[in-house]
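Going by the order they are written in, the chains are A, B, C, D and E; count residues from 1 in each one.
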């Protein structure tokens, strides 16, 4: 039983991990590429962790939940990383498909006298 | 596996040597970093390869890999970091004093 | 014990004179005299035993593993020398008190003198040949200091350096000889070596040993061609010359020859080498002395000559020769010391030592005249004085020997006579030119008798000369017999010391010598002219200097060639050499793979390997884009961490990961100050050369690693694995090794880490700025701000967890420390240096210190349970709620590690963080 | 008394939970150590918490969390679909500009995170005065609707939870 | 059955890592490289999880946790460096 659950979760996880990197690979500009890893990969990992938990539940080592700590952790950090990267991309005027809102510029002007 | 590790060590070493022979401080430091990766791997590998046999003693007879090189390398990694920091400081200092980051202090 | 004291008293006394000199020069002199006198008394206490043929021994282990023991023994010969060293030492101390002028630092002088005395005593008393060598070198060094006592004088410094160079080199030869001897005999104990004479002379190593020993001895006792340092050592204050070059330093060489006589003598090689060198030295020295205008120079050459004479006597391989040699050692010590002191007095009272300026002093210092005259007579071998007796014995021996040799043997007595003649001639010159003749009026000072006590030492010595000379058998024969017995290892057959042996060849030779001397002296101007025509100014000093200069120039050229100031070039040289050496080793030693079964490589491993290779190659080839290179290096680091995990090294993986991120931050901080791009400047040629070098090196390492991994392993780690839990109380063997088995290494390593951190801090302290920065969104984006603050407690908990589990699961002080450091660094990055450091409870220096102290004290604590440093003690405590919980002292040690790591890492990173980018164009 | 022991109860609870997760046990020992850490760590890290979290209406969590979790899964499904099917030239990426009502920093941060984790949006920038959030949207048919959606779905509950 | 899925999992993760590596080396922007590195870290965790399922060993938990944390810190360091030269101002 637990094997079956494990297998399912592994497959889901593998799928999302793959999709995440695929997005990183094929999207046209940085901002679009940003989406794949921050979402899909995170979820994919979550499901792989679930797979591990399910698997451990089946073995003698018994039920374990600490793996969820990693998930939780990623849910905190992934947005921060994404934000920081997007931010720096904006500041450095990395070219993007999406039209760059004028608001950002004047607000950076006042923001960063340096 | 042995072949992979050995060749891997070789490649990293080669890159490390090549970079340490560069003319600017930063590549040299990167080269030293690579070299320390290679050396650490090499030292561990002298304990021979053992898969899924970490040196954590369990009940029941279980094969363990050689812990001694690991203990050696663990401190080596940390010291390696200190070394990197120190070399970097020298690089910064040299850059400030000489206005150039050429290892010979002159363009 | 007493024996050891004899050596230690002078050495321990070193401290006294410099201290007591504040209480006046006399006090200082007393301070030097007391230990000497005490040692002399101790020696006297042992004398009876020795005279009855006994040997006093004492031994303490020093470095038994090396066969080096503090072993001393006192036999007849040792007694004689120790007596000379201490006795004459006392006289010299008294003499120097009056000789040295007000502005000479007297404390230093006596300290050096005592040091030298102790070293000499060590030589003559040690029963371990290695110990002997140690003291031998000590004499070289202390004599260097004594000769260079007048630091302000260039000639003194040069003379000292020359003496040190020559005798020091000789000492090294002696060391080699000592080791060879120990190897041949199987023991470094001197008495054992002396007893094993036949073994040594039989062994194939005999010639090398003999050569090395003689090199040591000849350099020390200034035998031709190593004589040249002695005259230049005359730049020393006269008391030093009187001491070093009459009784002690130069005699050490003779002592060595005599001491090892039983071990090495009796062979043709010995006879030829020692006799010929001795003879040559005797004649050369005597000849040289004849034309010296400096009193001390004259005495120096005469010393050389007499040392040659003694050497020759020991070379003859006959018992009588040995007796004569020992006898002349005594006599020479007495008359030469007194002569030096007289010369000193003359110098002291007239202000010059130049024979050409001196003259007619008999009117001003009659007593000194008499003393000098008697001493000189003794040196010349005039009857009724001790020199005569030993010279007679010498002549006798030579004659006997020449009869034995036949063939060109007659040369021996001829040269002996010439030597005697010359020595008589310069003795005559010494006395007559100085005290008689008419005044030259060229004296810097108005001469007069020296202070009373300055003359006392001379008088004592002269008394000995006369007594021995008149009633030898009463005065000296027992001493002589005992001493000779010490050399020969058996009591010598009875010999007669008498003034009158009837008309025989030796007597004729003496008469010839004396008569010829007078004749030569009166023809001295002619002789001088002849000398100047035949011998152009050619001095040993010249060769020495030129050799020295040559060596220096050569090494300069070599250095210049190796290091032209280009670091890049040096690195190439170093790595190239390493590659070549390794290749040589690999080719000769063989790097063929072993028999060990290979581990299967699953697909993921191959993939990871491939990525690693790609990333590495990119780092190497595209390093000009520094940011890319940095990121790619990060990939390599991550993959190597994965490898560690896969080959079951979890601890390493954890460490690698943490270090990886801190180094990344570090490099970024540096990149902030350094240029962002690397210019393309290397020529293709150079790139190719480096590439080839790199590939060669990498290939070599790969082959080596493969060979290592495939060969079977028998590791000492079995012990660690077995004793980890019962002995170290931890399941994580790596951690137990770190904090327990090899705790001392770890202690050293964290110390290094702390030092490195402090150096980093100090080196760029001047450029470090922490100004408060406005808390704008641009500087401290809110997302990161809040995110990092949420992370902080989380990381803290993880740190605690990793630390506590470290002893039994992957983790421990190092890793926990790194995690904590990372947590801190995150704060720095999110909120800036200023904001963060405002909120820090303490700074990092106490942290590092506390860490090291904790670790250290934990180690010391294990002494309380008298087990070795850093032995872990642990116990299982059953806490009420928590359940079975283990407390190991190792945990405390690990805490020390933790603190040190945190402190060091954050200190370094924050210091880098305070660096401002340089203003361009600087 | 308790208030003085736990100046920052949310944080302390957080620490306790983390610890129990780490040691993977709900035994008394784990709880004890966890509580001790809950006592110590907030004290050590006090300086770094200029302003602390107060849950005004904790029960909001029970409605918010499920919504978010569900949206995350949905988001990924959607993104996955786009990644796999949509051709690059058909993408309609835009930058959304969201004026914030919520001022409480943690709330704003949470909002930004949630936005990043949910349908095709990544928050990439706060304005200088931190009153506006710039969000990149991978594929946006109608901007105003998207903005409104975000504000109703997440900002309101967060406001309720932490402010007013 | 589990073994098969494990292989699929490995294949997927490896493929993902390969793509990341490509993005990391190809760029074009520095942000792309950093993002790729970050993703690579997360994929590494996935790899470790799969391995530990394969070996039925839980010892790799710490490693996974640490990679998550360090990956994050590394990423924000690189990102902050890019966004604004100074890392700790």
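Following the convention adopted for this analysis, contacts are C-beta pairs under 8 Å (C-beta built on N, C-alpha and C of every residue); 3 or more make two chains touch, one makes a residue touch a chain.
Chain by chain, the UniProt names read as follows: B = Na(+)/H(+) antiporter subunit C1; E = Na(+)/H(+) antiporter subunit F.
Worth saying up front: this structure is predicted, and the values here are computed from it rather than measured.
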Kindly list the shared contact partners of subunit B and subunit E, in label order. C
Most contacts: which chain pair? B-C
Chain of greatest Cα-centre distance to subunit A: C
Chain located farthest away, centre of subunit E as origin (C-alpha): C
Separation of mean Cα positions, subunit D and subunit A [Å, integer]: 15
Taking the mean of the CA coordinates per chain, how far is subunit C from subunit E in Å? 57
Hey, how far is the Cα centre of subunit B from the one of subunit C, in Å? 37
I'd like the Å distance between the centres of subunit B and subunit D, where a centre is the mean of that chain's Cα atoms. 40
So subunit C residues touching two or more other chains come to 646, 650, 671, 776-778, 781, 783-784, 787, 791, 794, 798, 809-810
Could you tell me which residues belong to subunit E and also touch two or more other chains? 11, 13, 17, 34, 59, 65, 69, 72, 76, 80, 83-84
So which stretches of subunit D touch two or more other chains? 18, 22-23, 112-113, 123, 127-128
Please output the residues of subunit C touching subunit E within their complex, sorted ascending. 603-604, 607-608, 611, 614-615, 618, 627-628, 631-632, 634-635, 638, 641-642, 645-646, 650, 653-654, 657-658, 660-661, 664-665, 668-669, 671-672, 773, 778-779, 781, 784, 787-788, 791, 795, 798, 802, 809-811, 815, 819, 822, 825-826, 828-830, 832-833, 910, 913-914, 917
Partner subunit C, residues of subunit E touching it in the complex: 10-11, 13-14, 17-18, 21, 24-25, 27, 30, 33-34, 37, 40-41, 44, 47-48, 51, 59-60, 62-63, 65-67, 69-70, 72-74, 76-78, 80-81, 83-89
With touch defined as at the start, can you tell me which subunit D residues reach subunit C in the complex? 11, 14-15, 18-19, 22-23, 27-29, 32-33, 37, 41-42, 44-45, 47-49, 105-106, 108-109, 112-113, 123, 126-128, 130
With touch defined as at the start, can you tell me which subunit C residues reach subunit D in the complex? 776-778, 781-783, 785-787, 789, 792-794, 796-798, 800-801, 827, 831, 836, 838-841, 879, 881-883, 885
Give every residue of subunit B touching subunit C within the complex, in rising order. 1-27, 29-30, 33-34, 37-38, 40-42, 44-58, 64-68, 70-71, 73-75, 77-86, 88-93, 95-96, 99, 101, 103-104
